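Next come two complexes built around chain A: one with chain B, the other with chain C.
The block that comes next holds the complex of A and B.
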């Protein structure tokens, strides 16, 4: 059995799974957010994994996307599909502006610098009330259901849109990773000075990656807004709930690999929900505490991510298949 | 990374198929765990972790008290003594999580109604789910847009934030007048959350209507660590009264800094952080005499609220009280509808007037929802810290004591 067959099988299984869930239910909502977070972590993986720049400010692009499409819909009745493209353009622009002063920074300095940008955007969204609705947040209006208006009665179409988004972002990631840009990024990751010497414009390559990552993240912000229906500055520009979470998903799954963010999201989002379901009726805060303990245990167990488990499994399966 | 990719060659077909089947079957396995019993499930969604956890716990306590009392008295009579089964869930402090939790309670637990979720942003996120699924949501969140969006399944048992802000100013003016003082210059400080801004809007509008000069009007971020610049500005403003609107930590910091700098002007808080036991615990003697607006207060119906103090060891804070009222009203509606079906309960809630039970603890002595779902009988009260207790001092017809006003 070839590797592409495995990929096709996984996609078919993922496409069938939503059909087995209650279309107005709870697990389909969890699945939708799992797919969305997987796509977000994959977008982050471009800059965080390939370029080795641990961004903690991706909520800035995400929120820009959510706000742009929702404001265009509210003020001008423009379909979120078009709003998503506008949001992506603004997200890319923001990534470009942010990247110019920060791309020369490395390691912790870069992470700290980017952390501030999500916070700056949060403050702007809080204060610019006429446009953003201020701290009260924005509700996505319910328009008559149609694909063109990006409005559906049930969650199922949202689930498939999230799945398609994840596939697209993953394909983009793979194309870049395997292409010339991937080699340049790998060279920069291994040794920036050596990469410069052999003629790679390191700043330019990192800048390109950052912009692509920002565009994708902003477009996913629109998808998120359409599913969540209500959001406020604290939700979409949150360091903990967005920026750190997408980084955590990618790192827990296996940073720099195409499967890592998917594995990470498949673990983090459902487990957090399950812990909430099982323990939140008990002592206050217990579910979050248990979730935190599980995360620590998992990271201690597999410091290089779930991908190592996955690879070991595949290796064992294929060796048995050969026999 | 690159070295691992070469190992992925062939995969056993049977293993992949089995894995796929397991993946597809998992939702049925999970959903079969539902329990069926003769009881009415009511969802309780509260922030039980994060910055607002204390308020969420207070609210849950109030709801549990009423549920236990009703169950001990024989359950819901119209349904043959069916017991109330509370399903408590943590909304955390993220609206999206609150919405997901609501979805879970509706589909997995088959709830008749949902109570929650203290913070306005969480309540709004839940309402987006309950509105689409036609499940009644009863809340004590203040924000104006909760009942301002024309939703059919939401019920707000307290006055809106703008009404609270207006009362915060109007009552203060009246109290000052009764003490022979006049107010023509005030200061407003509020945190930049949905609650803070909405209430500040009400304050501002009321000040304008009363021709009062706003000498200072400052928003600050939630979780501010140094309030000295704000207090310096306040001292220089020449205001005769200050209106701070904030949750707990900020309220402690603001009042402590003020009093330490010997600024003795009256402070009139905007509920939330100013009307819970921790405020007095954190400030000690500095708390004495601080005024605050509140949607309700426990001293209006001690015969009911002392049961809370007896069980939990502290006075019945307003969010616990209002959530208790919300559950009582909900049970009355179920009794009236003789049904635990969500749409029947919504019908029974809308436009009806509920009296007796815990509704006596509300101003107006009853609860009546208008077509938007707002309780039109609820009027805010002004309370004042006196010897570790909150005393209702305004409006005059419900007051339990006279306000002390030192300008």
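The block that comes next holds the complex of A and C.
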């Protein structure tokens, strides 16, 4: 019954944490990206966790969001807040278009098809130079700092926007998971044929989930563009740095649970940063190598995610008669 | 004429694509795991062959068996130590184990050999034969021939040897195979090691016309997936058809469209085939 209090406590702690960090320092940047990636992994969790479809192409929607708001700002001076909505709409459309041919696919096949879709977007962004700037990338133009223009002198407002985004996406995830749609998705996950028999339009439900996930992911792309200030096709449409990473974050944390993506991001992003920090002075590749080794170790240790650590802990405590 | 030339070039390159992709389909066929790190074994094969050329003076094509052996040993180790523990894990965890392997192999190579591009020089590198109005590039032809030989050897091994039959039996029904006294764990090791060995072999034979660097696998990964999906994931015969088809698609799209769009067509074909015939063009062998 006291669960909501715990949630409020965590949010308050998260809101106070940025104030404790040096506002021009390195760790506030790490925190901002951790929150942003947690939100992205949560958006992925809708399709990857609830619909049980391991998408490896979410960079497609992410990149669409980053490009849409930045192009609108560059060419027409439209505020990124509005650009974010436009990007969300386009991201949803893209998710709809790719979902139609791939929704019936399962497991590895779905993963591979979505991976290829992300690559298609990367190639298009690289080639369509007049619009995207091609391989040279785009710089978010400088405008006088104001909330309406989504432009700030410091990183702190970005940190809070990322935190709010994470909360919003998590709430949407929970509402869907606990609502009628969540039950339909669970039925599909357990037994697609039986779900069909009891009258669930499985294609429609999966399609809806995919579109919501795509919209959210694209909107987060705008957030990223505004923090990063510069990006190119190979960063925002990157299979490794975006698609695979967000899926990995959700899976390492615990796929299908609201806390999983947050746990995953709290682990992956700081560990990556720490490795870079510790070993970037050393030989090239060392930090990533160590990251890979840690990744393999964690997957071998907890194939179903960090969240199972808590389950095991609770099981042990209750079997001892505590509680 | 340039149309025929493109098809010929496509077929020659496609034969190599077939051999580097057979490993991917073989591993999936036998144990149901998609190895995302497969292309990194191609890179390892290329490096082994490059070092054999640089320090032993061996022709990269002749070093191919050495590449095969190194990757085979590495694959044996990886299957026994890592993949074997994940056979019953959720498919997402399996995907990410091999992604982890990809990161380790690529950055291990970067750490050991540096990021510079390396290529070999051979006497036949720029030679070509003329066949009427058509030209056949000698390094392409040699790579194709070696790949063909390797493919035939695998086919012969799978058909006639006890190991081959036991491996096919394991692919069809691991439980029944085990009851018949087949050590399925050994078969899994064999399939994985053989699969990555073949890919490394392919890496060695293309060295005369492809430069090697630690992240070279990225160039080949979607290509390899397209090949196996075209042919049907798990079907070795399908990989051959898929390899040739991908080679020709690439060559033809390069003929009509800018080179940057070459991969776009590949991806679109890939998504289309997955959507329309996920079992592959050749049909369901699994």
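We take it that the second predicted complex is superposed on the first by the 308 of 323 C-alpha atoms of A that agree within 3 Å, B and C clash if a C-alpha of one lies under 4 Å from a C-alpha of the other, contacts with A are read in each partner's own complex, and residues count from 1 in each chain.
Note that a residue touches a chain if its C-beta (ideal position, glycine included) is under 8 Å from a C-beta of that chain, and two chains touch if they have at least 3 such contacts.
Model, not experiment: these values are computed from the prediction.
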After the overlay on chain A, what do you see for chain B versus chain C, clash or fit?
clash
Between chain B (first) and chain C (second), which does A:284 come into contact with in this model arrangement: first, second, both, or neither?
both
Touching A:124, do we find chain B (first), chain C (second), both, or neither?
second
Touching A:148, do we find chain B (first), chain C (second), both, or neither?
neither
Give one of first, second, both or neither to describe whether A:109 is in contact with chain B, with chain C, with both, or with none.
second
Residue contacts with chain A in the superposition, chain B compared against chain C:
B
Which of the two partners, first being chain B and second being chain C, lies in contact with A:139: first, second, both, or neither?
first
Let me test your reading of the model: by the given contact rule, A:180 touches which partner, first (chain B), second (chain C), both or neither?
neither
Is A:198 contacted by the first partner chain B, the second partner chain C, both or neither?
neither
Identify the partner contact of A:296: answer first if only chain B is touched, second if only chain C is, both if each is, neither if none is.
second
Looking at the overlay, which bit of chain B runs into chain C, 27-35, 99-107, 171-179 or 279-287?
279-287
The intersection of the chain A residues contacting chain B with those contacting chain C is 123, 126-127, 284-285, 288
Taking the complex as given, what residues does chain B use to touch chain A?
1, 4, 7-13, 15-16, 19-20, 23-25, 27-28, 30-31, 48-49, 53, 56-57, 60, 87-90, 92-97, 99-101, 103-104, 106-108, 120-121, 124-125, 128, 133, 143, 145, 149, 192-194, 196-198, 219, 221
Chain A residues within the chain B interface of the complex:
1-3, 5-6, 9, 12-13, 16-17, 20-22, 24-27, 29-30, 33, 123, 126-127, 129, 134-137, 139, 228-232, 234-235, 238, 241, 256-257, 273, 276-277, 280-281, 284-285, 287-288, 307, 311, 314-315, 317-318, 320-322
Sites on chain C touched by chain A in the complex:
28, 34, 82, 85-86, 89-93, 95-97, 99-104, 106-111, 114-115, 214, 222, 225-226, 229, 233, 258, 260-261, 263-264, 267-268, 270-272, 274-276, 278
Residues on chain A engaged by chain C in the complex (per definition of touch)
48, 54, 56, 98, 101-102, 105, 107-109, 111-113, 115-117, 119-120, 123-124, 126-127, 244, 247-248, 251-252, 255, 283-286, 288-289, 291-293, 295-296, 299-300, 303-304
